[in-house]
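First chain written, first letter: the chains are A, B, C and D, and each begins at residue 1.
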Amino acid sequence: MFEKLIEHFLKFPGIGPRQAKRFGYFLANADKTFVDDLVKLILETQKNTSQCPSCFRLFKNAKIGTAEFNDKCEICSNLNRDASLLMIVEKDIDFENIEKSRVYNGKYFILGGAISLTNTNGKLNNLRFKQLFEKIQAARPAEIILATSATAEGENTARYVEKILEPLRQSQSDSLKITRLGRGLSTGTELEYIDSETMNNALESRK
Amino acid sequence: MFEKLIEHFLKFPGIGPRQAKRFGYFLANADKTFVDDLVKLILETQKNTSQCPSCFRLFKNAKIGTAEFNDKCEICSNLNRDASLLMIVEKDIDFENIEKSRVYNGKYFILGGAISLTNTNGKLNNLRFKQLFEKIQAARPAEIILATSATAEGENTARYVEKILEPLRQSQSDSLKITRLGRGLSTGTELEYIDSETMNNALESRK
Amino acid sequence: MFEKLIEHFLKFPGIGPRQAKRFGYFLANADKTFVDDLVKLILETQKNTSQCPSCFRLFKNAKIGTAEFNDKCEICSNLNRDASLLMIVEKDIDFENIEKSRVYNGKYFILGGAISLTNTNGKLNNLRFKQLFEKIQAARPAEIILATSATAEGENTARYVEKILEPLRQSQSDSLKITRLGRGLSTGTELEYIDSETMNNALESRK
Amino acid sequence: MFEKLIEHFLKFPGIGPRQAKRFGYFLANADKTFVDDLVKLILETQKNTSQCPSCFRLFKNAKIGTAEFNDKCEICSNLNRDASLLMIVEKDIDFENIEKSRVYNGKYFILGGAISLTNTNGKLNNLRFKQLFEKIQAARPAEIILATSATAEGENTARYVEKILEPLRQSQSDSLKITRLGRGLSTGTELEYIDSETMNNALESRK
């Protein structure tokens, strides 16, 4: 039982055997109140978290069937957000970080991850390419912003999305623009360590 | 609710804000089965874990009142373990690591931590000095092995235990020996970086 | 003598006491040929390295007075490099890294470092603001690119250069443009960790 | 020339390409006085450092042929050091660290390194096993202390030395004791991470 609990903690993101074991001892040792609260919060989070059927992000929701239940997340149902812009991000936590910067007022789509460079097939099945395709056909945004990370996986994913959206871009009578976040110096970049691609973009986008 | 869940994860050992948030998303996103199992295991661990009244370590136990319920942990109730030796360790996880090395066949006492070098007072209240005193008076071991870490906190703790056991050592008609684990090169120690104390001990205990 | 050698190594960039001592033993232990070659190369490097009077970078040069001696470095004297562009960098090593990326064909100016956030005064004296001012008055570039690092020190330095060049910019009959390298995602940036400023720039410069 | 200088710095212990280049720019940029002093100190260190023919450590010496020239290092020629104890260490820097701890008053022998676990053959040629054998035959110490590091390489080296000294140990009419530094908790060891071997030794050598 203790071993099974530790096995479950091993599936938490970024947790290795030693820390999983510490979690086990921590909980076995913890106040009953703390543990009861924790369990309650875990169950409530699962129960009261819906996945938005429009952007696929997780959001706090009321019980289905109740008056307070929402069909969509607060961003998808917000009429003040610019529906002509659709930003595609890899993960919920990316979405949250971008919202925190308060520089974007369009809509989002959560892809569910990036295409791994190694076990491509398995990963592809988890990502919401089909749902993205349908979303764009239905919502008809004027611009799609590919906001994947500037890592090998992120760029791989962006290229793949561009490829599968190409037919849509050509068929759509009203033009569909597909853009990527600009490259350049990010906070902390030192010129001593800058790579050619970043330097090239930083030079072109100088202002 | 999501924020409160994250606050609870922040109390887990070694978890900062970013990882606590990841845990939140991880659980909100996880299969219902995984979450239900996790919650069940957490509750069972708390329910079926007893603190041994003799050595104070946590151990798996049956429900109180049932036939399978044990008064003491399997080490305290094991007659083949040498009751004349009592090893004092800081934490459950230290106990577990020492047992894994299979080099010790005596009994244990879990102190509950080390004396912090900063907020001394608060910490002292959490440690089981009183219980240790009572345990020794009752069990009358021939030797007490102070197995605290070779850190400033660990040595501080060992010195403090020695001090509070001094009256006991003098009053006990049959002699009570108090020892500490030997110092010397531990696996990985390089002579280039060795400190004077370790070198001195390594030289004296050469063989 | 050995101690004095180690003190000298302590002044090398990034070298602490232990590594300085290792260098000492390494050299005391090294082949006579290696040490003689090293000494010869150090002396030759000093003797045959000139500081370009135009951009202030260090470059390999022949002995002064000889036919092979060059007044300026190979970039300042290269007529194919675009003299209407002047890129200001902090250090020789930044210059070298930018050249390696082969994306820039203008001229350079090496400032000699960045303005430290702490001991401002001492640092300012080492930096070539006066020489920069004179260089611009003489060379009359159409655009000055501030290629400092995207760190607090680098941005502080860029702002300071902008300020001291402001009178020059206003007085110059032909317009003087002052730009900075574009900000955005640099290679490796993950959306999960992006800061507001970088996100804002990446969004604005999307393409 | 600059490139060749950098190649030489690459041979310094622990120096990679980037730091070697920084050293190059640092020296090209440095005051003439600093560079001249550095070069003088490097040459003097080589010239005035002798390898002691008895223990093989490097020591400061006067020019050969002068009255101040010493045959042996100050430890080998010190009659107050206990000649019945011979401590074998891997490197000069280990020797220096042990001396600093002021807990040992015997003699030393510097082996010249440890046996690498990978390219065994090449390494063996560099180590002074033959000289050690001769030294012991001549000096006839009562005890040899193997003070290699508690790493795989160090223990491998200690075992190898034990093996080659075995015939000597058996033939010597007066007994030759071969010891190793004691194992146990070294400063900083935490019980949570202790390995079986260290625990076993720490338990046995408790006091």
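A few notes on this one:
The working rule: a residue touches a chain if its C-beta (ideal position, glycine included) is under 8 Å from a C-beta of that chain, and two chains touch if they have at least 3 such contacts.
Keep in mind it's a predicted model, so treat the numbers as computed, not measured.
Ranked by how far their CA centres sit from the centre of subunit A, the chains are topped by D. Centre-to-centre separation of subunit B and subunit D, using mean CA positions: 39 Å.
Measuring from the averaged C-alpha position of subunit B to that of subunit C gives a distance of 55 Å.
In subunit B, the residues that touch at least two other chains are 91, 93. Taken chain by chain, the contacts form a single closed ring in which each chain touches exactly two others. Touching chain pairs in this entry, ordered by label, are A-B, A-C, B-D, C-D. Chain contact summary for the complex, subunit C toward subunit D: residues 1-2, 4-5, 8, 11-14, 19, 21-30, 32, 34-35, 37-39, 41-46, 48-49, 58, 60, 91-93, 96.
Subunit C contributes residues 89-91, 93-94, 97-98, 100-104, 145, 147-151, 154, 179-207 to its touches with subunit A in the complex.
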